[in-house]
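Chain lettering (A, B, C and D) follows the sequence in which the chains are written, and residue indices restart at 1 in each chain.
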Amino acid sequence: MSASPSPPAIRVDAEVRANQEEGAENRRLRLGVPGWPGSAPGQFAMLSPGSRGAAERYDPLLPRPMAVYRTVPEAGGAELEILYKLSGRGTRLLADARPGATVRVVGPLGVGFPLPQLGQRALLVGGGTGIASLYELAAAAQARGPVVVLLGARSAADLMGRADFVALGVDLRVATEDGSEGTPGRVTELLETALAAPDAGGEIVYACGPTPMMRRAAEIAARRECRCLVSLENRMACGFGVCLGCAVPRTEGGFALVCRDGPVLDAGSVRWEEAS
Amino acid sequence: MSASPSPPAIRVDAEVRANQEEGAENRRLRLGVPGWPGSAPGQFAMLSPGSRGAAERYDPLLPRPMAVYRTVPEAGGAELEILYKLSGRGTRLLADARPGATVRVVGPLGVGFPLPQLGQRALLVGGGTGIASLYELAAAAQARGPVVVLLGARSAADLMGRADFVALGVDLRVATEDGSEGTPGRVTELLETALAAPDAGGEIVYACGPTPMMRRAAEIAARRECRCLVSLENRMACGFGVCLGCAVPRTEGGFALVCRDGPVLDAGSVRWEEAS
Amino acid sequence: MTVAVDTEVNLGGITLRNPVLTASGTFGYGSEFAPFFALDRIGGIVAKSLTLEPRSGNLPPRIAETPAGMLNAIGLENVGVDAFLAEKLPLLPEGLPVLASVFETDIDRYAEVCKRLSGAPKLAGLEINASCPHVKSGGIEFGQRVELLARLVRETRRASSLPLFIKLSPNVTDIREMARACEAEGADGISLINTLQALDVDLATRRPALRNGLGGLSGPAIRPVALRMVWQASQAVKIPVCGIGGIMTGEDAVKFLVCGATAVQVGTANYLNPMAAVEVADGIERYAAAHGFARVSELVGTLRPYASSR
Amino acid sequence: MTVAVDTEVNLGGITLRNPVLTASGTFGYGSEFAPFFALDRIGGIVAKSLTLEPRSGNLPPRIAETPAGMLNAIGLENVGVDAFLAEKLPLLPEGLPVLASVFETDIDRYAEVCKRLSGAPKLAGLEINASCPHVKSGGIEFGQRVELLARLVRETRRASSLPLFIKLSPNVTDIREMARACEAEGADGISLINTLQALDVDLATRRPALRNGLGGLSGPAIRPVALRMVWQASQAVKIPVCGIGGIMTGEDAVKFLVCGATAVQVGTANYLNPMAAVEVADGIERYAAAHGFARVSELVGTLRPYASSR
């Protein structure tokens, strides 16, 4: 039960095919990526929002890590879908890119999710932009056993990718903080309920979202003695293990590199108190 | 015979209405500028190519001086036309701006051209991007006497604004270095010919273009004892007299500020040997 | 939750209606900005540095653009102290705090300029630009040698009873040592940073981008260095610090206040946006209101280092 | 007019196929870049700085973005000298010049690391990172005190006969003095610059952007400062200078060569573009060809100051 093998990363100029609004601050970017070698669920790519355009610009300087939401292989490469949320300068400039523009892509990067054992029930817990890391996992896990997807957001408009998960046909449950969709409250409460069900036991839990959410999901899973994997969203400069900027402290001492040893890590291996 | 009075400058976010290719590397930008107070021939504006977009960016940092090519007054402001050439990063990023985008404008700035005396023949000599400074002057000078416009470029495709000058109905003569249009050679040779004509004498010469061209035009005019005004294209940071970056050495000692005392200066007042 | 904010600050004895001054050399003599906004909307003005006699500056090119920054080597160009007093100062509105900036090539001349300025009715204070090369020391800046700096402060202090601010050079190994020397010699405050010494090359000609060769780097590029020095200096001395370097927005200015600056100066930003200083002042007020600070001065020195900081 | 260009340079006794090395701490131990390009397309590699024992670094956040730059405070994290020799060095291709970088907290330990590295078959040279705080001097960097730096060079020189490069700290009043001390103590070359000491603030929490508080500024923002120091140092000493700081393109690198650098190192650019070092090497060659230089080495030190430069 280890992660799927990762193809070697490439660096390539991708062409923006679409960059659409999806709810309040969510966007869906579709990129034509020549030579894209495919990726495993949970892997990510580094996207440069800054250099795009007629001349190189160095403000903002660094590329942004973005989960590979979905890929569609095509002749000579793949179409990559990225779901992202306008949060800071990086993502707002990315949203400026119109069809025809160029975005530098480095990827696929990182170690993705280990898949569930055959027949094992998988619980996927996604909050905020973390949802974007879970779609390909949901699709792959479906081939191995029952899949429950728990998604959380502040409100219905903030929820990412809902329709795609519905189309997958997974058991989808939603929580919103303002109650505008699904159960009012936090997505971790959905997890608690799911694991408290009489038929619960032996599940594998996957969580991606804000750090407090992942930490809480890890506690709930630990209490039920379920294995829990988290996908971290640390700040990154390189994405391939050379800047040491994305380090996260490990329970056993020292650091893991989120970009190289992760982004998917065993929840128990992370020293949460000092993880941001 | 002093320059037309200059309205006070404003700072405003202008809306890009069009940004069209005109020949190889020439572009015509049309901006909707709320509150534009009008300008005198030869004045300029500072345009920020860098900050445009969803978030402020500081690379490139400085705004670029651009001549007011033409203005069309409209309710609550004016439409400003700018003719520019892709030369460096600044102008290439400006060319990225699509209709609907925002460009910061500070202007009108500087002291423009003194108009010819009534009945005085005006010779306007423009090379490269310097042509953009001459259109409004040509229009205004026509009301006072005969106007000859001499334009130069490397080749026909590089020539800016030709059709507009034709439409004005001025006496237009063109020189290109490769001979692809008009007289083969340099525009200053056209000036020499014009001033050597039997009916020559008492003209006023206006020149804007590369420094060697202006210097040569000034020499030719001086030999014929014609007054010669040049419009300089120095590097600028502010455009309104506070950075002291645009200084040009004066024959009488000290410096003139191109943005405040110019851009139009008496050719004789410039110490050309050290002017760049 | 938004509250009404008191923006007034006291900078070494000078009351400013808000903590935003304009940096010397980037705001002319002030009146150039009158078309763009009412000057009394900002805290005050530091005028272009003055010498005893009028001086013309360096040959062009004097400026160049760099990534998120600019280089300049204007030279000592200014109208001279007497013309400033006679022609420039009277153009500024009553009640607007104006600091005159002074630079010279030896200490006696610095002191003489200070003396002449001290009689002026409208001046709120003096800022001594210590980034000028000391001719007798072979080009080293006054602000780069602690003994030289101490002497400069002592003599200018003696020459004037106006509030005295020393503008430090950032081109030093230890800014704290320089700040302490200013405090010990009786300065009322320090301003930092001036530009970082730098160079760029024009690849078409393989000449320096500036005629002068070396120049000073300013703009957003240097902001993190400026924040570091302001934080270090404000930890080292009790006199107020005026923070300068790459401030473009209210948020940038708040960072300086948080690091210990009592007030800030807006420099290069004035070139790209003549409204920058006003927008910075408004932005500081907005930040204070949004974060529940009743007084902008309460933001000063609120940086909270991490507990486990090494 | 395009000519065939000889890109080879000699850096203090090491022959490089082209003048582009990768900067310590920005290229891992080298093999991380193997998916992106054949490593022998660049001049060589400076590996991540090593200490005597393996060390883990600072708690996060360790990096932050600034205008045209980035801040970092990684701490001393590295695998240690022995693991480097046993596990990392063997992964690199034969014939690729590799410099090991060394940093420590006292001089004896620096010397000991150099000693252990000197036996290694594959190493082309050593780079001593002098930007490490000297614990006994209360946090001052080795490269910030000329006597300390001189002692460091003397002892590491004694510990190894490999070509020895000293990487200087830019956080000093006078880089020439530091360069001269290295030359006098027998260094084969100097590398500069390391990062500028800096600070940024997270306005949501009013904490430093980095857990460590202070960090090092790198990237295009610092390039003009780096060019200045490279030019000053190369005027001050005869040993070769390796230029570092904000190099993103071949043109940027040519500026360093023109200012007197014999070779360059590409740092932060490797993060945004894993092909950066190769692209820089190609760009240098293109510039040389376009400007009629038969040898890249002929570009070195060709800066032509203006005649009337002050």
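One rule holds for everything that comes next: contacts are C-beta pairs under 8 Å (C-beta built on N, C-alpha and C of every residue); 3 or more make two chains touch, one makes a residue touch a chain.
Model, not experiment: these values are computed from the prediction.
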Most widely separated chain from subunit C, with each centre as the mean of CA atoms: A
Two chains sharing the most contacts, counting C-beta pairs only: C-D
Subunit A and subunit C: spacing of chain centres that average the CA atoms, whole Å: 46
Intercentroid distance (Cα basis), subunit D paired with subunit A, Å: 36
Rounded Å distance between subunit C and subunit D, as computed from the means of their C-alpha atoms: 33
For subunit A, residues contacting two or more additional chains: 56, 58-60, 274
For subunit D, residues contacting two or more additional chains: 59, 66-69, 219-221, 308
Category of the chain touch graph - line, ring, star, complete, other: complete
Subunit B to subunit D touching residues, read off their complex: 58-59, 274
Interfacial residue positions of subunit D with respect to subunit A in the complex: 25-28, 32-33, 35-36, 56-57, 59-70, 72, 74, 77, 219-221, 248-249, 268, 270-275
Residues of subunit A touching subunit B in the complex: 50, 53-60, 89, 92-93, 95-96, 98
Contact footprint of subunit C on subunit D as seen in their complex: 58-59, 66-69, 71, 75, 140, 144, 171-174, 196-201, 203, 205-208, 211-215, 217, 219-225, 227-228, 231, 246, 251, 254-255, 258-259, 287, 302-306, 308-310
Residues of subunit A defined as touching subunit D within the complex: 8-11, 48, 51, 56, 58-63, 104, 106, 234-238, 240-249, 253-255, 274-276
